[in-house]
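Each of the next two complexes has subunit A plus one more chain, namely subunit B in the first and subunit C in the second.
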Partner chain A sequence: MQLIFEKSRPGRCGFSITRCDVGQEAKIPSPYLRKKECLWPEVSELDVVRHFTQLSQRNFSVDTNIYPLGSCTMKYNPKFTEKAAGIRGFADLHPLLPQLDHSLVQGALEVLYHMDRLLSEITGMDHFTLQPLAGAHGELTGVMLMAAYHRSKGNKKTHIIIPDAAHGTNPASAAIAGYDIVTIPTDKKGVLDLEALKKHVNSQTAGLMLTCPNTLGLFDSDVDKIAAIIHDVDGLVYYDGANLNAMMGRARPGDLGFDIVHVNLHKTFATPHGGGGPGSGPVGVKEHLSRFLPISRVIKARNGSYALDYDYPDSIGYIASFYGNFGVILKAYAYILMLGKEGLKEASEHAVLNANYIMEKLKAYYDLPFDRRCMHECVFSASRQEKKGVHAVDIAKFLIDQGIHPPTIYFPLIVKEALMIEPTETESKAELDILAQALIAAAQLADDDPARFKDLPKTMPISRPDEVKAAKDIRCNFFA
Partner chain B sequence: MSGFISNTQADVQQMLKVIGVGSIDDLFADIKSHHRPRSFDIPSGRSEFEVMEHLYRVAADNASYLVSFLGAGYYDHYVPAAVNALASRSEFYTAYTPYQPECSQGTLQALFEYQSLICTLTGMDIANASLYDGGTALYEAMMMAIRITGKKKIIMDGGVSPIYRKIIRSYTSNLDIEFQETPVAHGRSDRSQIMKILDDRTAAVILQNPNFFGAIDDHEDIVGLAHAKKALVIESVYPISLGLLKTPGEMGVDIATGEGQSLGLPLNFGGPYLGFMASRKEYVRKMPGRIVGETVDTQGRRCFVNTLQVREQHIRREKANSNICTNVALCAIQSAIYMSLLGPKGLKDLASLIFNKAEFARQELARIAGVEVKRSSPTFNEFTVYLPRPATDIITKMAKKGFIAGFPLVRYYPGMDHYLLIAVTEKRTKEEILAFKSALEEAICS
Partner chain C sequence: MANQEEYFFTKEHEWVYFEDNVAVVGVAEYAQNALGDITYVELPEVGEDVEQFEQFASVESVKAASDIFAPISGKIMEVNKKLEASPELINKSCYEKGWIAKIQPADLNEKNNLMSQEEYTQFLEGLDT
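Right, the complex of A and B next:
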C-alpha cells in the first residue's frame, strides 16, 4: 500500500483555514524563520479518510478478531465509555485551570477523587495517585516511593528482588530508579522459589516486585509468607497489577500484605489499548507510604468541594505533567460505575472460567509446563511441536490465517516456546471453541506436515517481514 | 449477565463440566480463605443511561464555556472532524502493540508515517513512535544524552517549562546527576550564563523554543558552544510554531522533543497527550521507546515492523534504554491524521494565523493604561504582560466576565506576581480579543 506521502499532489489541502480577521503586517524577523520546507503531504480530506480507513483495515483488533494476547487483557472496550470521554465539559478542559481557581474544575476533580476511592477499595489500599501514564510508569513511581521511604529512614538500600517470571518492565523500572536487580527463580510448581528468596533477602533489600497471579497465570498461595519475609528486613512489597483481572472481589493486594500497587486501567478496567497506548497505571499505597505520593493530590473539603493539594513535603514530587491520562481515567471510571460490585466480581470469575476452559481443551495437544488450575491466563509450550521443527511463532502465523490474533509468544521467558493465552471474560464459549479448534488444527498440522508452516501467513496483505534487514538497514523516516 | 459477558448459564455449566469442577468457586481454590477480601464495598452497577446522565451532570461542574487565553504549553486548537472519525476506527483503537506485523500493518504503517511527519516537521533524521507526553519526553531525551555522552552534568535553561523541569528533578532524585539551571535574561536564553558553566563534564544543554514566556529564539550559537565541549543540545518545541520557525534540525540540535497535544488532540484535562522525540540518525540505537522501521516481506514487498527491539525492556530488562512499554500509539496516529490533513500549506497558514492574532492581541493590550507588554524579543502565539495589579486577582475578575485570562507566572516564578502569560489560538476571534481587552481594562480599574 502507498504511503500518504506518495499520494501527495501539489496544491491539495485537507484543511479549511479560518479567515484572518486581524492585520497581517507583523513579521517574525527572518533569522528566526525556517528555510527548509516541511514535507507534509499535500492531500485532500477524502485522500486522508480513504488512506487511514484502508490502513485500519490492515489491523486485527478486539472489535474484529479473537485477541487472546496473554498478559494484555484484551477484553471488549465498551462504546459508551468513548462517548463519556468525549463529553465537552471534560474533553475541552485545560489542565492548568485548577492553578487559576479550583471552582472551575469541580467536576473533573470529583471524578479523580472518586476514582481514588474506588481503586483503593478494589485493591485494599488506602490512597491512590492516578498520575502514572502507563503500567511501566506506575512501576517507576512505585520504585521511587520505595526509595523515598528508605531515604526517610536514613537507609540506603541497594537492590530490588524480582522473579524471573516478571515482565521486563519490572527490572527496567527498578534500574532506572537507581537499583540493582536480584532475580529469583520460579520453582517446580510455577511460583516464586521461597528457599531461593530467603537466601537472597538481606538488609540491602529495598523491596520485591511481584505479579500476582504471576505471568504463568498462577496464584501463589504463599504470597502472604513472601510479604512477611520482605517486611522482616524492612523491605516493601510491590504488587504489579498487570493481572488484577483475575482477582476482583476474590482477593485484594492490600489484604495480602502488599504496600504498593499499580493497576493497568487499560487492562482490568476495559479502556482501549489504542495499538500501544494511551494506557494508565495508577499507583496505590498503604497509609504509611501516603506522605510520599506524587503531588498534586485531590482532596475533599468539609464543605464538599474538591481541591488539589501540593503541601506534602515528603512527596517524591512530580511524575507527570498533570493528573494522569484523564481521558483514560474517565473511561475506566464509567466502566466501574456501570459494572459495580457484582459486575466486577463476575468479570474476574468469567475471566478465570474462560482461561481454565481453554487450558482444558488444549491440554492433550500442547505441553503444559505447570499443570494445575490457572487463573485468568494459561501458558502452554510448543516444545512438542518444536521437535517437528514447528515453533511458537509458526503456530502464531497459522492462527493469523484463521482470523485469530495469536496469543503472546516467547513470554514468560522461563517457558520454552511459550504460548500465553488470556481469553478474558468477554469472549464466549463459542468463540473459545473456535480458538481451541484452530490451535488443535495447528498441533495436528505440526504432526502431519510441519513444512507447511514455513510460508504462513498467506491471507494477509504481507507475508513474514525480514526483521534482520529492518534492524540492519534502519529506515524509520520516509524522507531519510 | 452484566459486564459485557457473553457466556450463558448453560455455557457455564458445560464449561465447568469440561474443566471437571463443580462450581466457579472451585477454580479459585488457590486463593485460600485467609486471602479473601476484608471488604469489597463498591456501589452496585448502573445502566449505561444512568452512568451517562451522571457524567453529564458531573461535567457540567466544569467551566469549559469560558473564552480562553490560557496556554502555557497546552493549546486550545480546533480539531477537524475527520481526525476523530478516523482515530475512532476501532481497528485502530482496540488493537494493541503490533507484536504480529502481518496482522498489524495498519498501525505500523501509520506510525511509520507519524515518525516521518515528525522528522520533516522538526528537521531531524529519525523519530520514535511516541512517548507519554512532552514532559516525560524531555526527561527521556536527557537520559538519552547521558547514555550517549557518558557524562552526568545537565544545564537547563530557565525558559524550559517549569512543569517539565519539575518532572525531571523528581525522576532523577535517586540518581547521581548534576543539574545547573540558568535564568533567562530579557526573556531569552542567557548565553553568558550558559558559557560560564558549560564544560567538558556537561552531557547536555536543555532549551525550549518558544520558551515558557513565549519568546522566540535561535539557538544555533548555543549548539556551537555545546558541541565544542562535546555536549549535546536538547530542544523542546511547540510543533505548530514550526510552520514558521527555524527548526531544531536547522539549528543543529541533537535531540528534539515536544508536546504533541496541539497536533489534533483535545486538552483532556492533562492527558492522554503525545510526547514526540526526534534526533540525529547516529543516535538511533540510544533512543528510547518503540521505533517502526521499513523492511520487506518474503516476497520483497515493502512492509513495516517494530525494530531495534534489543533496546527495549522486554528483551533487555534492566539494561534497556528505558522502561517504556505502552506509549501513546493512538495519539500518534491521531496526530498523523491531523498533520496529513493540514499539509505544508495548512500548517504554514495556521501558524501565520495564530501569530497574527497574537500580535493583534499584544498590540491591543499594550494600549491599556498600566499594562506593559514585554517586547524585548519576538514572540509567536503567546506573550507575557505586566499588570498593575496581581495577576491572580485579575484572573478571578476576568473569570466572572467570561474569560480565562491566561496563566499567572507567580505560580512557578516567585516574585512575578504581576505577570500574566497570554496565549492566542485560531479559535479566538477579533471580536473576542477586543472584548477581552475591554474586560481587562475594567478589571484593572475596578
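Right, the complex of A and C next:
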C-alpha cells in the first residue's frame, strides 16, 4: 500500500480556505517563518477517505478479531462510553476553563471527584490522582510518592525490590526515580520467593513493587506476609494494577496491605488502547500518603460545589498538563457506573473463568510450567514444540493466519518460549473454542510438519518483518 | 579460542576462559539462544572494576533486555568493540567472535565459584526437566 505522500499529485486539493475578509498583516518575525514549503500531501478529500478507510481495514483490533494478548486486558470497549465522551458539554471543554471560573466546569469536576471516590472504593485506597497518562506514568508517580514519603521522614533509602516476573516498566520507573533495583526470583509455585525476599530486605529498602496477580496469572497468597516484611523496615508496598481485572470486586489491594496502587483505566475499565489509546493510569494512596499527591486536586465544598485545589505544600507537584486524559477518565467512569458493583465483580469472575477454560483445554498440548488454578491469564511454554524447531513466535504467526491476534510471547522472561494468554471476560465460549482449536492445530502441525511454519503468515501484506533491522536501524521519517 | 574444556561457566550462562592470566568472557550458547536475535550490546568501560557475579554489561534482543554478569572480579582490559556495530556476532559465534570483554582477574581463586564444562552440561540438563 502506498503512503499518502506517494499518492500526492501537484495541485490536487481537498479543501478551500475561505478568503479572509478581515484586513490583517502577518507580523510573524522572520526567524520563525518557513524557509521551505510545508510538505503536505496534495490529495483530494476522496483520496484521503479511501486512504484511511483502507488503512483501517488492515487494522487488527478487538472490534474485528479475538485479541488474547496477555497482561494487556484487551477486553471489548463498549461503544456507549464513546457516546458519553462525545457529549458536547464535555468534549468541547477548554482545559483552561477551570482557571477562569469553576462554575463553568462543575460537571467535569464532579466526574473527576466521583471517579476518585469510585476508584478508592474499588481498590481500598483513600485518595486518587487521576493525572497519570498511562500505566508506566502511574508507576513513576507512585515511586515519586514513595520518595517523597521517605524524604519527609528523613529516611535514607537506596533500593526498590521488584520480582523477576515483573513488567519491565517497574524497574524502569524505579530507576528513573533514582533507586537501585533489587530483583527477587520466583519460587517453584510461581510466586515471589519469600525466603529470598527476607534476605534482601533491609533498612535501605524504600519499597516493593508487586503485580497481583503476577504476570504468570497467579495470585500470591503470601501477599500480606510480603507487605508486613516491607512495612517492618518502613518501606512502602506498591500495587501494579496491570492485572486488577482478575480481582476487582473480589479483593482490594488496600485491604491486602498495599500503600500505593495504580490502575490502568485502558485495561481494567475498558477504554481503548494498543494504538487506540491514549491511556490513563490513576494512582491511589492510603491516607498517610495523600499529602504528597500531585496537584491539582478536586475538592467538594460544603455547599456541594466542586473546585480545583492547589494548596498542598508537600505535593510532588505537577506530573501532567491539566487534569489527565479527561476523555478516557470519563469513558471509564461511564463503564464503572454502567456495570455497577455486581457487574464489575461478574466481569472479574468471567475473566478468571475464561482463562481457566483455555488453560484446561490446552494443557494436553502445551507445557504448563506452573500447573495450578490461574487467575485472569495463563502462561504456557512452547518448549515441547521448540524441540521440533517450532518457536513461540512461529505459533504466533500461525494464529495470525487464523484471524486471531497472537497472545503475548516471550514474556514473562522467566518462562522459556512463553505464550501468555488473557482471553478477558468479553469473549464467549464459542470464541474461546475457536482460539483453543487454533492453538491445538498449531501444536499438531508442530508435531506433523514443523517446516510448514517457516513461511507463515501467508495472509498478511508483509509476512515476517525484519525485527533486527527494525530494532537497530530505525527510520521513522519518509523524507529522511 | 581455547579448547572447549578450558571454559568455565556461571549459572547465568556467562563463560570465561583464561589466556596468559587474562580472563576472556562472553555469554554461552544457551543464553544467546534464549535471547534470540541480539540488537544491542552495552559494553563496560575499559579500566572499570567489576565484581564477580555483578552486572557489568547488558544485551538487548528482539525479545528482551538482559543483564550480563561478570564471571570473575577484576579490571576491564579490553572490550569487543565489534559488538557495537555487529551485536549479532554473539548469535553467530558466542564462544569466539562474540566475546564481550577481557578482564584482568583480581583473584584467580574465584574460579572455584564457577562450573567446569562438565558441570555446566549437567546444570543445563537439570534446567530442561
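Simple rule for what comes next: the second predicted complex is superposed on the first by the 460 of 480 C-alpha atoms of A that agree within 3 Å, B and C clash if a C-alpha of one lies under 4 Å from a C-alpha of the other, contacts with A are read in each partner's own complex, and residues count from 1 in each chain.
Going forward, contacts are C-beta pairs under 8 Å (C-beta built on N, C-alpha and C of every residue); 3 or more make two chains touch, one makes a residue touch a chain.
This structure is a prediction, so every number in the text was calculated from the model and none was measured.
S.K.: Looking at the overlay, what does A:Arg373 touch: subunit B (first), subunit C (second), both, or neither?
M.R.: Touch status of A:Arg373: first partner only.
S.K.: Decide which partner touches more residues of subunit A, taking subunit B and subunit C as the two options.
M.R.: Subunit A has more residues touched by B than by the other partner.
S.K.: Name the contact category of A:Leu3: first (subunit B only), second (subunit C only), both, or neither.
M.R.: first
S.K.: So in the superposed three-chain picture, is A:Cys38 touching just subunit B, just subunit C, both, or none of them (first/second/both/neither)?
M.R.: The answer is first: A:Cys38 touches subunit B but not subunit C.
S.K.: Given the touch rule stated above, what does A:Leu55 touch, subunit B (first), subunit C (second), both, or neither?
M.R.: Touch partner of A:Leu55: subunit B, not subunit C.
S.K.: Tell me the contact category for A:Glu110 with respect to subunit B and subunit C: first, second, both or neither.
M.R.: first
S.K.: Once the shared chain is lined up, is A:Gly389 touching subunit B (first), subunit C (second), both, or neither of them?
M.R.: neither
S.K.: Examine A:Pro185 and indicate which partner it touches, taking first as subunit B and second as subunit C; both and neither are also allowed.
M.R.: Neither partner.
S.K.: Both subunit B and subunit C touch subunit A; at which residues?
M.R.: In subunit A, positions 168, 411, 467, 471 sit in both the subunit B and subunit C interfaces.
S.K.: Once bound in the complex, which stretches of subunit C touch subunit A?
M.R.: 34, 36-37, 39-40, 60, 62-66, 87-88, 128
S.K.: What residues of subunit A sit close enough to touch subunit C in their complex?
M.R.: Residues of subunit A touching subunit C: 168, 383, 410-411, 413, 416, 467-468, 471-472.
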